[in-house]
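Common to both upcoming complexes is chain A, partnered first by chain B, then by chain C.
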Partner chain A sequence: MLEINKLSKTYDGGKRSLTDVSLTAKEGEVTAIIGPSGAGKTTLLRSINQLIVDDSGEILFDGQDIRKLNHRQLKKTRSKIGMIFQNYNLIESLTTIENVLHGSLARKSTLAGVLSLYSKDEKQEALQLIDEVGLADFAFKYCSDLSGGQKQRVGIARSLMQHPKMMLCDEPIASLDPRSTTMVMEILRRLADEKHMMILINLHQVDIAKEYADHIIGLNNGRIVFDGATATATDRDIENIYVSDAPVAVG
Partner chain B sequence: MEIRQSKQPNFFLKKRVRLSIMIGLLGVLYVGAAVILNFNSAAFLYLDRGMIWLFQNFIPTSQSITYWYSITQALLRTFVVAVAATSVAGVLALVLAILGAKSTGPSRTLSWVIRGFASIMRNIPIVGWAMLLLFSFKQNDFTGFLALLFLSVGFLTRAFMETIEDVDVEKIQALQVTGASYLQVISQAVLPEITTPLISWLLYMIENNIRDATLVGLLTGTGIGFVFDLYFKSLRYGPAGLVVLAIIILVIAVELVSNYVERRIAA
Partner chain C sequence: MISKPEKQLGVVPASRPVMPKLNLSFRLKDKRRRTIYGVIMLLMVTTLATVPTIIPKGVNLVAATQGLIDNIRIMFLHPAVSNTSFGSLVGALVQSIALAFLTTLIGAIFAFFIALMASRNLAPRWLIDIVQSAMAFVRAIPTILWVLIYSVALGLGANAAVIGLTFHSVAYLVKVYADSIDELPKDTLAALRAMGVGFWPLVSQVILPTVMPSFLSWTFIRFEINFANAVAVGAAAGAGGIGYQLFMASGFYFDFHEVGMIVYLILAFTIPLEIISYKLRTRYIKRAGK
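Right after this comes the complex of A and B.
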């Protein structure tokens, strides 16, 4: 369970990005965060693993406030949170399996990680995960040679290697074609259903959110303007998320 | 539609005037310098004679070949000094660059210190380093090695730092948020991403250092530079010409090898 209370963030230069954002997300559910460009979706998602340091509020995960953890504790908590990105952020000069094995670094000693000394079991698990995301034939290919959709699936496998309880997905399908989009979204849906994982996903596409999410959170100009189950959200509700009197341009 | 030019009526004229002034200034500088140096511009007319003299005297003769062994020995020493200096500099520069780069360094202050250090090391010319080090280390190979090392550390630190900063910060963050430690992130994300440019810079530095090493040898009295000096000053022009030829062959060979290596790693 993730519970965020009154989270606020103002960037240097006075741009207010989040104002009193509160939400909860549950295991086994896909929570979609939608809203116009500049609404604060990325800031919100990145505050959760403290990639962006917010100003005030509370982020309760696993019974602890992530904001109050020291360096060591934060590292441990981060290892339980997987993250995938719009630009995949793989190390493209390495192969698929090497990238996936990066997900196990937090469990290893520094030296073993530095020297890439992975155990037989870890390599086996990585291959298994690569197979699960449908890339068995690409395990030993360099990531620079993969397509966007394939790279995103490597990103998912890398996160799964962490054994995460929660997945943060920052616009994971914004650069993908429709076929890859479906593939990635189905994998994420399956992780919630079968592995009982908590999936938080920033989206631009309302139709995708409606199709795959259990729960929709609408963000506009740094404030929550909608929070409810997908089944109960009407077209009007969704429309309202985008037309609130925000001074931010809709992109 | 009529295009109005009236706003900038003399635009092209002004541009031409500016260019003429620039060319005029260059001319004045040349004449000024020539007068100060007592440099007779007519010397250009005798360029051909100079060249002919050069070729007549410096073309190695059959006798010069007897010097070949000692020349290659000296050249080998110079080559080894250059490679050794570059290798050591490469390791030092990599550590400094990781500590100094904005994306991987621990603090902004340290970054400033390293940047300043690299800048000083790099901006003292190789001849300056060699003369400076001669005071403490006298005429031997080690002096040349140090001179090359200092300059190379400065140059490579700067080059590596920029290479590291070219790596997308998000890629580094993506590994940090898996809970990986600092050294793990460096070795698993930063190093693989910079390997290719790193090798290119090292090869470039080796090429450069071989050329510089011959010059440094003149001052430190070691290696191929010293051998050239010796033959030249004892009027043995044939062997001196052979030295030059040997250096040219080595430099071209090294360049060919490094081009080949770069092509292979880029593929």
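Right after this comes the complex of A and C.
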């Protein structure tokens, strides 16, 4: 369970990017965060694992306030949070399996991470995950030779190697074609359903959000303007999210 | 090459954009190159102007040229060993190779750790500035001078040579290693840190395997440089090896047959070295830069 209370953030010298953002996300659910460009979606997602240091509020994950953790505890918490990026962030000059194995480094102690090469079990698991995201034939190919959709699936496999409880996905499908989009979204959906993971996903495509998410959060100008189950969201609600002076949702 | 396509639209930049800085360094390099050319021109002009004043009176230029050609012919067409044995020349060559190998190896180990403090991808700006300027200072002073500086403290000989050569190797390798690490995508390293990967695991399991090919090529190139340096310090700082033999044959015995033999021995080692390092350079270093 992730609970965010009254989170605010102002960039240095900039305008306010998040204002009193509160939301709850649950295990086994896909939560889509939608809103116009510049609404603060990326800022919100990155605050959750403190890549962006916010100004005030509370982020409760696993019963702890992430904002109050010390360096060591934060590192531990981060290892339980997978991240998926629009531009994949793989090391392109390495192979698929090498990139996926990087995910296991998050779980290891420093000494084990430095000294040991990957164990047989880890390699086995990496291959298994690569197979699960449908890339069995590409395990030993260089990532620079993969397509965007394939790279994104490598990114997902790498995150799964962390054994995460939560996945933060920042526009994971923004540069993908429809077929790859479906593939990536199906994988994320399956992770929620079968592995009971908490999936937070920033999206620009409303139809995709409606199709795959259990829960939609609308963000506009740093404020939450919609928060509800996908089933209950009307077209009007959704349209409203994109209106520049959207009325702030109450409650 | 300068304008890479911006491929992360919509992502909050993790730090200030690096593009303008890159431009600046290009301009700086150009300026530096201009300064260097300027200085070289100035030196050439002064040299030419002073040539007439240093030619001693009464020299027969024709005879002198004839003598030069004779000596070169003796060196390269009639190499021979007379003052020492061929075996001891080979031994001296091995000694020089060992000196180059040892200093490169020690230098590479130190340089690796220092390079971590000199890479934009890993270290804070202030630390990079301190380390890079210290290394630039060490590089600016030629290797031979470092050997002579250390020989003040340690006496002329092998010890000063090892430390002096290592010192300059570290400074050289830190720069090229740090450049190789800088070529890794900063966002990806940040992403791995964000996933909870610690600094040292990141270095040993992510960075090292990725930069290994270019590290090895650079280290090999430095080995080549160090061999040339090892020959030179053998002659200039009494560090032994083939350089010392060369010094004895030319400056002490005036035996151009033996000088020729030594030069051939050195070439027999350096030409393959040069070929290998050229291959490595084109294969790994140019490719990494694309």
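Things to note:
Operating definition for what follows: the second predicted complex is superposed on the first by the 236 of 251 C-alpha atoms of A that agree within 3 Å, B and C clash if a C-alpha of one lies under 4 Å from a C-alpha of the other, contacts with A are read in each partner's own complex, and residues count from 1 in each chain.
Everything below uses one rule, namely that a contact is a pair of C-beta atoms (placed from the backbone, for glycine too) under 8 Å apart; a residue touches a chain by one contact, two chains touch by 3 or more.
Note that the structure is predicted; figures quoted are calculated from it, not measured.
On the superposed chain A, the positions of chain B and chain C overlap enough to count as a clash. Shared-chain residue A:K9: touches no atom of chain B or chain C. The larger set of touched chain A residues comes from C, when the choice is between chain B and chain C.
Contacts of A:K165 after superposition on the shared chain: neither chain B nor chain C is touched.
When the two complexes are overlaid on their common chain A, residue A:S79 makes contact with chain B and with chain C alike. With both structures placed on the common chain, the touch criterion links A:R153 to neither chain B nor chain C. In the overlay built on the shared chain, the residue A:I52 is in contact with chain C alone; chain B does not reach it. By the touch criterion defined above, A:H215 lies against neither chain B nor chain C after alignment on the C-alpha atoms of chain A. Shared contact residues of chain A, touching chain B in one structure and chain C in the other: 49, 51, 75-79, 81-83, 85, 87, 89-94, 102-103, 105-106, 108, 110, 113-115, 159, 162. Every residue of chain B that touches chain A in the complex is listed here, in rising order: 168, 170-171, 173-181, 183-184, 186-189, 192-193, 195-196.
Here chain A touches chain C in the complex through residues 37, 42-43, 46, 49, 51-52, 75-83, 85-87, 89-94, 98, 101-103, 105-108, 110, 113-115, 159, 162, 170-171, 174, going by the rule given at the top.
Interface residues of chain C facing chain A in the complex, by the touch rule stated above, are 7-12, 14, 184-185, 187-188, 190-192, 194-198, 200-206, 209-210. By the touch criterion stated above, chain A contacts chain B in their complex at residues 49, 51, 75-79, 81-83, 85, 87, 89-94, 102-103, 105-106, 108, 110, 113-116, 158-159, 162.
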